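Listed after this line are the structures, all set down as structure tokens.
Here subunit A shows up in two complexes: once beside subunit B, once beside subunit C.
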Partner chain A sequence: MSTVAAEQPSTPPGGFIAGVGRRATSGGVVSQIVVPIAAVVAALVVGGVLIALDGTNAFSAYREVLRAVFVGKRGLSDTATAATPLILVGLGYSIAYRARVFTIGGEGQYLIGAIAGTAWVTAGGIRTWPGFPLVVTGLIVAALAGAAWSGVAGWLETRFGANIVISSLMLVYVAGSVLQWAVRTGIRDPDSFVPNSRPLLAAELPRLPGTSTHAGFAIAMFLVPIAAVFMARHRGGFRVMATGFNPNALDANEISKKKIVLLVMVIAGALAGLAGMVETAGSTGRLGAAASVGFGFEAIIVAMVGRLHPIGVAIAALGLAGLTIGFESTQRVLDVPSTLVGVITALIVVFVVIGDALANRGREGR
Partner chain B sequence: MVEANGTSLVEMRGIHRHFGDTHALRGVDLTLRAGEIHALLGSNGAGKTTLVRILAGLDRPDEGTVTVGGELVERFDPKRMRAMGVALVQQHFTLVPTLTASENLVLARPDGWRRGPGRNESARLAQLIERTGLSVREDVPAGRLSVGEQQRLELLRALDADARVLLLDEPTAVLTDQEAESLLSVCRTLAAEGRALAFISHRLAEVFDGADRVTVLAEGREVVRDEPVANHTRSSLASAMIGHESSGTFTDRGGREGSRVSGRLVLSGIEVGRLKSIDLSVAGGEIVGVAGVDGNGQSDLEAAVSARVAMKVGRVELDGLALIPGNPRSRRTRGLAYIPSDRYQFGLVGSMDLSDNLDLGRVPRWRRSRTKRRAGRVDELALWDVRTSGPGARASSLSGGNAQKLVLARELDGTPKAVLACYPTRGLDPGAADSVAARLVRCASEGAAVLWIGAELDELLAVADRIVVLAGGRLLGPFFPPYDRAAIGLAMAGESHEVTVP
Partner chain C sequence: MDVLLKIATLEAAIRLSIPVALAALGALISERTGVLNLGLEGMMLSGAFAGYMANEVTGSPWVGLLAGIVVGCGFGALLALAVVTIRANQVVTGIAFTLLASSGTTYLFQLKYSIGQKPPRVDRLGMPPLVAMTLVCVFALWFLFQRTTIGLAMAATGESPEAADALGYRVVRLRWIAATIGGGLAGLGGAALTCGPLGLFIRDVTAGRGWVALALVVFAGWRPGMAVAGAFLFGLCDASQLRLQGTKTDIPYEVFLALPYLVTLAALVLRARASKTPGALAVPFVRGVH
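The block that comes next holds the complex of A and B.
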């Protein structure tokens, strides 16, 4: 009887990500490939108009972006370095969002990973280890810490029904406070005046031969196909997809949906924690009070524009990193404000959302 | 309340309503008179709720006329119908859980654009409570009131608008017996004041306790039209609800008698939800039909036997080993096939393709490429006669019958030891229903213990070796062939010798 309305699956809150998640996981070729490309083009066009309003020739500005990335001395290396944390965190998001688990706490997991990894590799008795085991154990500790931090939000939802969007975000602020404590008290370098951890020294990631990019980029690029194979060919990927589409059917036939929620939270947290340590050991060399630079939030956009597909995530991360690196140079050469990258990124998001809505309407209206 | 008792307040004539291919109402008449309580009966999907929704302006008829208080309704709109004095208390409460009783009243019918002082609101509630005798705690958020109180508050809200016609959609479904009793006596009072009341119910006892007249719907038609309750007995109403048409072309149950393994599927002392100490043992090769009206514990029984939920008390054993909730894959490996009542919610993932859906519950750790996965399922789909564009089609693109065949293809693969079939033919056309029933019968003849929860008695009569009735959370019976329809109908009405089923 009149239970039709009541039986409708409820849409979990999560704002625009929820909508994007639904569309990105159910769309055809149009929303998978055409929409993000069109959105990037449209955002660049609008960005060009803004550059022109600022009094610079938009074409020469974009030419400088391309030159800086592809011709400039360290352009490609810097792009790869900047893309590395985005790829790692974005991969985690892309898997979680496939299950319609809308965690936005990557930034916190990133920080906790960086703190735990740094604490491990700078701890007395361990920091004297040779480089290779130090690097590997540091990364493992970071991934485990990030997974645990993320798992808390997952557990709060599966056990008490606390909304993951909120709890994962709140844990970002807790992690930020933990960082401030860690660099001032917990793992402070006694020889330093400013709040810092000890330098990582032997625990730093080696450069990739012939480039100025650290080995973290190789780790990230190695994890991209692994994530793709996991989603396409492993049982876990099937379960993640089924959770996103119909958790009840999964629950009745395959595995408890709560386990999948925990699984994707742990995967996302591990990747974000890994990203934190990779960035610390690869780029900054030590953990400072300003370690939170927002990769965890930028990666949400990366996952979304990358259509929640591992390869798409890598492309989107590299594209976004390229824009950032390119505009840094454009600012130096042509005095175009590099904050324009933020504007263009935001425009990409807006256009992706619009494009998805249009593609969706087209499908429904056939 | 100026109408003299007996004046007809509502007249619905020749109401038709289609939802897509479903013909929900096929020319239904309904008359509600002042001072009378009218009971609407019928099995699930008979059209009762659609009928009251139309009267409340939440839906519109495709054909037919509705007059309220002599005035012809031209536009079906909830606000208009409320203004005409029709109020509906829906099955699912529509209170704002964080607001108190008086705030809920004000929300539904504000005194102008500005909220007055709180004491005015309380006074309004107090007056209403005094006038009706329905007690509700005043300063507690509605969400924390007991279910009975919430129901009373819903009623108060309806009466606040001074309704002449009160419609109650399964008002007692969520109430305890005492609460239901007091609700019925309130209904009496309200009717005595000159209102016309109609309530939908599944419980026959209430009809005889509370109602003056009764209408029974079956598949959108009236089988009992506006007759005094006094003209009926429980069994006559029960058999009217069940219907007499026989569609029995199902495979005969003969020839399966020999191969019984007793006690394959054993339910012992199950208590969860509405279920009260359910004991049942199904032998291998046997089909046990569970008859009864929906809402008497059917969904709890389904959830418990399929190990979807943990039970408070009791256990389900398959070949002597208990099934453990929380590990759905073990259900399959242990050999229990589960055909859910809601195949789109619990059986299939609509957005995934057919090959993925066939993998559900038995997906290997590593999967082959999508192309190979799909190619490997072509024969299986043909074998089970799933008509589709191919294994790459989405499950949501299948028609009801084909979707059910897909579920069967997955669940009945590899000779299951037991089958839990919940309304396996619901929503299917006769041909598809027959083939589904035939598959289940074949399972039984191959030695599976089949527990068939069904709504259509004729179907159960045709296939089951034994029928038990689930009424009020208890199992009644068993009944053996040749079946006594009247006795089963009586049991479905909750009116039977209670026998523990061996």
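The block that comes next holds the complex of A and C.
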């Protein structure tokens, strides 16, 4: 059970890890793009049927989604804002999944990053710092805290053989308790009646010029090409990919697989922790008891639909954010439950996973 | 007074351990045949939702349990279709199923009860029938794997599907059966939560209990009796957490909130290396490839 995900070299995964399958032929490339598009279309059709069953015209619902996102200045700005944490956490997942390290604990690392970053920038003696060093150190602290939290799950696997899927998720619940404690007592604003941290004030991220989107979006978009270069050109990225191919090949070359597991867990945790602080400093302005809104889980979808590729992750995150923003408006205007977005995106993932397996089966002819 | 309190906690512990125990048994039967069910949390959640709805409509918690089993079996069969027949990656498929169940139940619940509206409490089953049911299940599983040929064939399928195949056993069919029964048990566990100790449904009501159950199976070394013992340990922590939240202690109550998960993590860590993983867990079977 310990490394179920990683130790099955004799039976390669479905085409799920697209592009690192045994045959990255042109057929593979086509299915890499065809499968997610088909999955999105199929999920939107099912979503439309659900909307119709609920008694609303599906076409007007989807038209409202498009209108909310593309008409007016607000929609695109809001979409970029909503996509920011998804891009960051999704990038981390995509790197880890490439090494076939299936962490699902991004939500916990996100919370721990937000808590640590907020604790830092609201601490006495530090909160009076000028904006720039305050913002930068806050983000660094958050990334380090997220990396450490994620590293624990990695270490539990490399040291004790505890399955990362399960341990990383257990740590999400522990992080939730840490959040409750932090806003209730740990870093609570003494002047606030409800459990809250102090407002971040000078540590808040500035807006991007001409938009209502915060600078976190620029950070996320800046990290996309960096992640792409790391995976495609850097030695570390190559080792991550090689681990996904065949973990034993690395051992044969005296590169410790354990180090790769720890490396990807730390990277994923740092990005998720960063996301937590970016969201707090960019959107909410302070940390509250309801800070856990599920970005860490939605980002799993983003990573998978984005084919574990940084650019794909950015596209998938923007698409998912657009759907979310659009459906919020659809709920207001047409009374279609906004939680339908969750169903549609989860369906996309299910269809992608199954589509990959079918494509793989067809290619191997068995 | 102190004694009464202890008994009350013990009773709560048993009530809270039953859903986890049933789900763990479901994970166990499917993992013994080689199917890793990471959709367990989702199946539990779907069972919890179906159980609540059926109970609310008919007024009978027994119908609720039945609905949980049916929905769980359906979900389990879908998992078998995806990972046994289509041979999709078991880790990723399971996670995707759980995400789908989480958003699906949230959506359906929002359709029924718009925000702000308070969903009614439903009739709850007492402890004796739930305990009896769990004991029957654990005995049935023990009997299946220890005393029957089909159980042995299932275990062989999980250890070495090629050998089981060579002996004339239908690997794919056995895995389908195990995954379906496993899903049914997880669904029953979920329904036992909403029709048992809770009597209501809220968003993501299972709160990671399916994942806890998966960890407990590792802890138990894939033995039914030990899995139930592990579930009781979780229930004990869960019950004391509920109890201690109300009392005044020097330790922040959030520690108790995290306790069930920390204990599960500890159990997973302690036993991960020692326990005997089925040899072909999460490995798809293709005849004639090996």
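Keep in mind that, in the parts below, the second predicted complex is superposed on the first by the 333 of 366 C-alpha atoms of A that agree within 3 Å, B and C clash if a C-alpha of one lies under 4 Å from a C-alpha of the other, contacts with A are read in each partner's own complex, and residues count from 1 in each chain.
Note that contacts are C-beta pairs under 8 Å (C-beta built on N, C-alpha and C of every residue); 3 or more make two chains touch, one makes a residue touch a chain.
Nothing here was measured: the structure is a model prediction, and the numbers come from that model.
When the two structures are aligned on the shared chain, A:L340 is found in touch with subunit C, with no touch to subunit B.
In the superposition on chain A, no contact is made by A:F70 with either subunit B or subunit C.
Touch criterion met: A:I166 reaches subunit C, while subunit B stays clear of it. Looking at the shared chain after the overlay, A:I255 reaches subunit B, while subunit C stays out of its contact range. Counting the residues of subunit A that each partner touches, subunit B and subunit C differ, and the larger count belongs to C.
Judged by the touch definition given at the top, the superposed model places A:F59 against neither subunit B nor subunit C.
Looking at subunit A, you'll find residues 1-2, 5 touch subunit B in one structure and subunit C in the other. Residues 1-3, 5-7, 25-26, 232-235, 238-239, 241-242, 245-246, 248-256 of subunit A are the ones touching subunit B in the complex. Looking at the complex, you find that subunit C touches subunit A at residues 31, 36, 38, 82, 86-93, 95-97, 99-100, 102-104, 106-107, 110-111, 207-208, 211-212, 214-215, 217-218, 252, 254-255, 257-258, 261-262, 264-265, 268-270, 272-273, 275, 277, 281-284, 286, 289-290. In the complex of the two chains, the subunit B residues touching subunit A come out as 44-45, 48-49, 53, 90-92, 169-170, 200, 306, 308, 326-329, 332, 338, 340, 342, 345-352, 356, 359-361, 363-370.
Chain contact summary for the complex, subunit A toward subunit C: residues 1-2, 4-5, 8, 10-11, 13-14, 16, 50, 54, 102, 104, 156, 160-163, 165-167, 169-174, 176-178, 180-181, 184-185, 297, 300-301, 304, 337, 339-343, 345-347, 349-350, 353-354, 356-358, 360-361, 366.
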